[in-house]
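Have a look at the structure below, then the notes.
Chain lettering (A, B and C) follows the sequence in which the chains are written, and residue indices restart at 1 in each chain.
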Amino acid sequence: MLNENKPVNHVAMVGDRTIPPKDARFIEIYIMGQRYKVPETLTILKAMEYAGYQFKRSCGCRGGICGACGTFYRILGDHSIYTGLACQTVVEPGMILAQTPFFPPNRADHIGILDDKMPPDEHIATLYPEIFRCVGCGTCTRTCPMGIDVMNYVALFKRGDVLEGAKVSFDCIMCGLCVVRCPANITQMEVGLAGRRMAATQLIPRSEVTRKRAEQVRAGRYEAMLAELGQMDREKLKERYTSREREPNLSEPGEWMPKDQSHL
Amino acid sequence: MPENLTHVPYYPGCSLKTKALGYERSAMDCAKTLGFEMHEIATWNCCGASYPLTKDNLMGLAAPTNILVEAEQHCNERQIDAQLITLCSFCYNALKRTDFAFKEDSAKLETLNAFLERKYQGSVKVLHYLEYLRDVIGFDNLAKLVKRDMSNIRVAPYYGCLLLKPKKEIGLDDPEEPVILHDFLEAIGCQVIDFPGQVDCCGSYLIMRNPEKVLELSHNILQEANDYGAQALVTACPLCQSNLDQSEGERHGSDHFLGVQGMPIFYFTQLLAVALGLDTEQHQFEKHCIDPKSVLSACLDDDVGESQ
Amino acid sequence: MSDGYTPEMLDLIKRVEASRPQRLAQARAGNDFPAMSMEQRKEVLNQFHPDYTTEGRRALGIGPNKDEVLPEELVDLLESRSIIEAVNPDLSEPDMETDVLVIGGGGAGTAAALTAMQEGCKVILATKLRQGDSNTVMAEGGIQAADQEPDSPYYHYLDVIGGGHFTNTHELVAAMANDAPMIIEWLESLGVMFDKHPDGRMKVRHGGGTCRKRMHSAGDMTGAEFMRVLRDETRNHNEQIKLLAFAPAIELLLDDEGKCAGAILNNMETRTYLIVKAKTTIIATGGTGRLHYRGFACTNHYGATGDGIVMAYRAGAKLCFMDSVQYHPTGTAYPEQNVGLLVTEKVRGLGAQLLNIDGEQFVFPLEPRDVESSAIIRECLSLDKGLITPTGRPGVWLDSPMIDLLHGSGTVKRELPAKYIQFQRFGIKIAELPMLVYPTLHYQNGGIWIDEHSRTEIPNLYAAGETSGGVHGRNRLMGNSLLDILVFGRRAGKAAADAVKAGIEPGTLSLAHVSRYGKTLSDTGLDRGVKSPMILPNYAIDEVKKRRWDVKSPVI
């Protein structure tokens, strides 16, 4: 129960070992076809480690963002194939697990994607003509563990809307599960990546402000004032630190300026 | 501008966003004057263009079904009658025939729904823009809204294939003796040039592998239309428009063909916009191989009001 | 269990909802909970920050940092013998030779490889797991850079050094603050989709301890976006940058003059070693979260076992500030599946407040991280105003629903999409319900000592990124880690390339330094039979460990 036996030291500090609740039941799962008993509430990743697997492949950030642990599975008695990230998906009784330590993706040569010799829509079609083999079945969308409408971004690239396709594909963690299942053998995640890089450099305006400041840096504008700071003793530095003005939280972009502009 | 425009869900298809942008823009501008507004559904994919040749090829129905599901959702969210308007004959054909396949065989729909993990309930009515003009607006009413005098232009209606065939599944008009484009042209006040080649095939996607054939087929259609006195053609299909327009462009220099002045190939909505007195600046006349302005100069010079 | 909060927790959330209208009104009026004074900061740190106690620490008995009191888990690793002693590699015939060997394929390593390549060098990039498997991808909230009009590297410097309690190394801070705008420009030119206004102006916000809004971001997956793009760029040059994945380095090679001359890699799949002779070597192996100091959960990736630190130390490189570890104040405390995972500071930057069990604020939401963490630990363990989860973990509320109320409906979903999904998976909608958080082990503030060109004291050995130390002093501010790795990664690549171009001839390859180190361990009785580097953490339960053939050796 909450707040009984208030601890004075850290309780439950056991690193990455999950603590199953005291009354946790044990359930049966199948790891690559072999049956194991694991406590429920564990993620697939932790259940496999509980069973004794030590990952080399198929384990990365353990936090749902790197795409290393894409997993296919079925559940006993259910013909459907499900997908999920091992580090985020909780085990269920009868789960039959298979990971994809590697799957060959098709990656075109992205070497020219940043120059603007070819308009982005044409460029995508040239690098990845197989997107036009898309049959619109939607398998990729159903497979994606991040909830991205993959078919939609492929459709957007097909009709030349590279900017919108880039935005729709943005959350992609490049796990490759869609690639494995696509009947048209498209490598959606690489198409998305190429599209995003093109959109960022050719369809989204550049930050002029950044460019200007980078120029000033290259011209050595800040060297002297930074050197000056390096000469100061700790007390002087503290004084400068505590007396610095703070930009208000709700200031309008590009409008607020500090009172002291001598170090800009 | 009429208030309370009727909300009509719209499926563009790939061509309408690229090569046939003028078709879309003119259609949308005309719609507003006629009292409705075309709303592109939020998420859509390519319809696949070619409807499958075999009944069992359910994979070929996946793409159109996804579109119909999106349209159904769009309409349910807004609590309006489920319908979907299209402009491209290919898309119209694919969607209409998919819809028909489901009405004929509900097990097919069930299978598709299971595969797609979506629940299309079969409620969407697939419409062509021409259909909307005929059945909802009415050609009589259309005639009343015409502002420019089109009577000096002689226009031949060119139907192509996919707008009308197969009859049982499309049912828009008689495939051998259609009248819908004729009636349309009459409503907007043009001189209608009836000619036999109006339902001959332009060559369609043979343009990819056998452009010579397309040149030959298109030439026949254009020559015949010319012989019957047409100054221009109208069509409802981006591929027909492209095939005819470009074929003409290719042969235009030659003396054997059409003399000095070419016949522009209009999207019917481009001509509609002219008739309704709208500003046609954005309707991409400049993208045509054969410049339409030469033919329209008669009616475009006058000072008819701009679009509101 | 995908069914969200327990009934008891939902009940407690009512207190949060009750206090919210007033807190919102105060926030809109610009009245924040008061920030701490320098004295108050010192007090809370001294009493409640885990680094400031001697529990779980002991003096290191060997090497350049001998006698320094450091976390036990780290000391165990530094006072250990090398795996390489099990084999007797023939160093006379290296398997590969290159100009620049980069060890570690995260943000720093990849930036170093790209830069060295651009400068004309041949590069080998050796990574333990896949390229990109690193803490870089976990960095969510943003990257700092003084590119906006009211800002300048001068203020950035002050923020960094103040946040680091004035312990930071001047040259490193100056280098980082100065280079930052160029880094943003570089990333933008490579195709990173920064959050921008429609006219192309960067969207910037405050982070903990900043005086100007200079946090740039790309959704809530800033590091992942950088890594995707940088990795893709590396692949465009796979002739010049040879990637060896699943090939961690086991030991550095020195030559007979004590200069670094490459490393021995281990192919984890064929379980064979590879001798790589390199004119210059760059260590970019990241942090040490997976050592789980004092049993804290961590936000780090699977391979963050400090391998580079161990190898460099054995080669004689000194470390700095290794006693200082950053706890991220808001690690997930619930549900159990997500424990330890980072909840980005951006959430607080967007206006979410930290609340105790009564739904009251108890700290300014954007104190520097160590101060913020200490305040939370104090609230839970001393003032007894934290919650306890069903599995016994402590936590406080992070009131994320405030974000939509302050910035408009849909803001949470738009600005924090990955976080949104991560909680929704378990039935918690963070736009409607607050999150439960507690400090989690996050970042290694210190590391291998480097100068402003990323050079270590060992000739031809460089280090960059989390594995190096000095730039953040004793406490890193949010958004400076993504900056650190790219600034010093590029500097390492450049410095290594310059050195190569000036002419380097590695002498006879040698592992003598490893034998010497091992001998010292035995002679001084420090050898406990631990082998290092750790390579990968071992999460087997005791039942399984009992039945393993060789428990003490890392799996290689």
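Throughout what follows, a residue touches a chain if its C-beta (ideal position, glycine included) is under 8 Å from a C-beta of that chain, and two chains touch if they have at least 3 such contacts.
Small disclaimer: the values here were computed from a predicted structure and weren't measured.
Enquirer: When you draw the chains as points and link the ones that touch, which shape shows up: line, ring, star, complete, or other?
Expert: Here the contact pattern is a line, an open path with two ends.
Enquirer: Using CA atoms only, can you tell me which chain is the most central one in this structure?
Expert: Given all protein C-alpha atoms shown, the central chain works out to be A.
Enquirer: Counting only Cα atoms for the centres, state how far chain A is from chain B in Å.
Expert: Chain centroid spacing, chain A to chain B, equals 43 Å.
Enquirer: Please compute the C-alpha centroid of chain B, do the same for chain C, then give the distance between them in whole Å.
Expert: Chain centroid spacing, chain B to chain C, equals 59 Å.
Enquirer: Can you work out the whole-Å distance between the CA centroids of chain A and chain C?
Expert: One centre to the other, that is 16 Å.
Enquirer: Write out the stretch or stretches of chain B touching chain A in their complex.
Expert: 14, 17-18, 43-48, 59-60, 62-64, 66, 115-118
Enquirer: Name, in rising order, each residue of chain C that touches chain A in their complex.
Expert: Per the touch definition, chain C meets chain A at residues 1-2, 8-9, 12, 30, 38, 129-130, 132-133, 137-138, 145-155, 157-159, 161-162, 166, 170-171, 174, 177-179, 181-182, 184-185, 188-194, 196-204, 206, 211-213, 219, 221, 224-225, 228-229, 232-233, 235-236, 246, 268-269, 290, 292, 294-299, 301-302, 336-337, 339-342, 351, 357, 381, 384, 387-388, 390-394, 417-418, 421-422, 425-426, 536-541, 544, 555.
Enquirer: Of all residues in chain A, which touch chain B in the complex?
Expert: 134-138, 142, 149, 151-152, 154-155, 158-161, 183
Enquirer: Give every residue of chain A touching chain C within the complex, in rising order.
Expert: Touch residues, chain A against chain C: 1-4, 6-21, 41-43, 46, 49-52, 54-57, 59-66, 68, 88-90, 107, 109-111, 113-114, 146-147, 166, 170-171, 173-174, 193, 196-201, 204-211, 213-214, 216-218, 222-223, 225-227, 229-230, 234, 237-238, 240-242, 244-251, 253-254, 256-258, 263-264.
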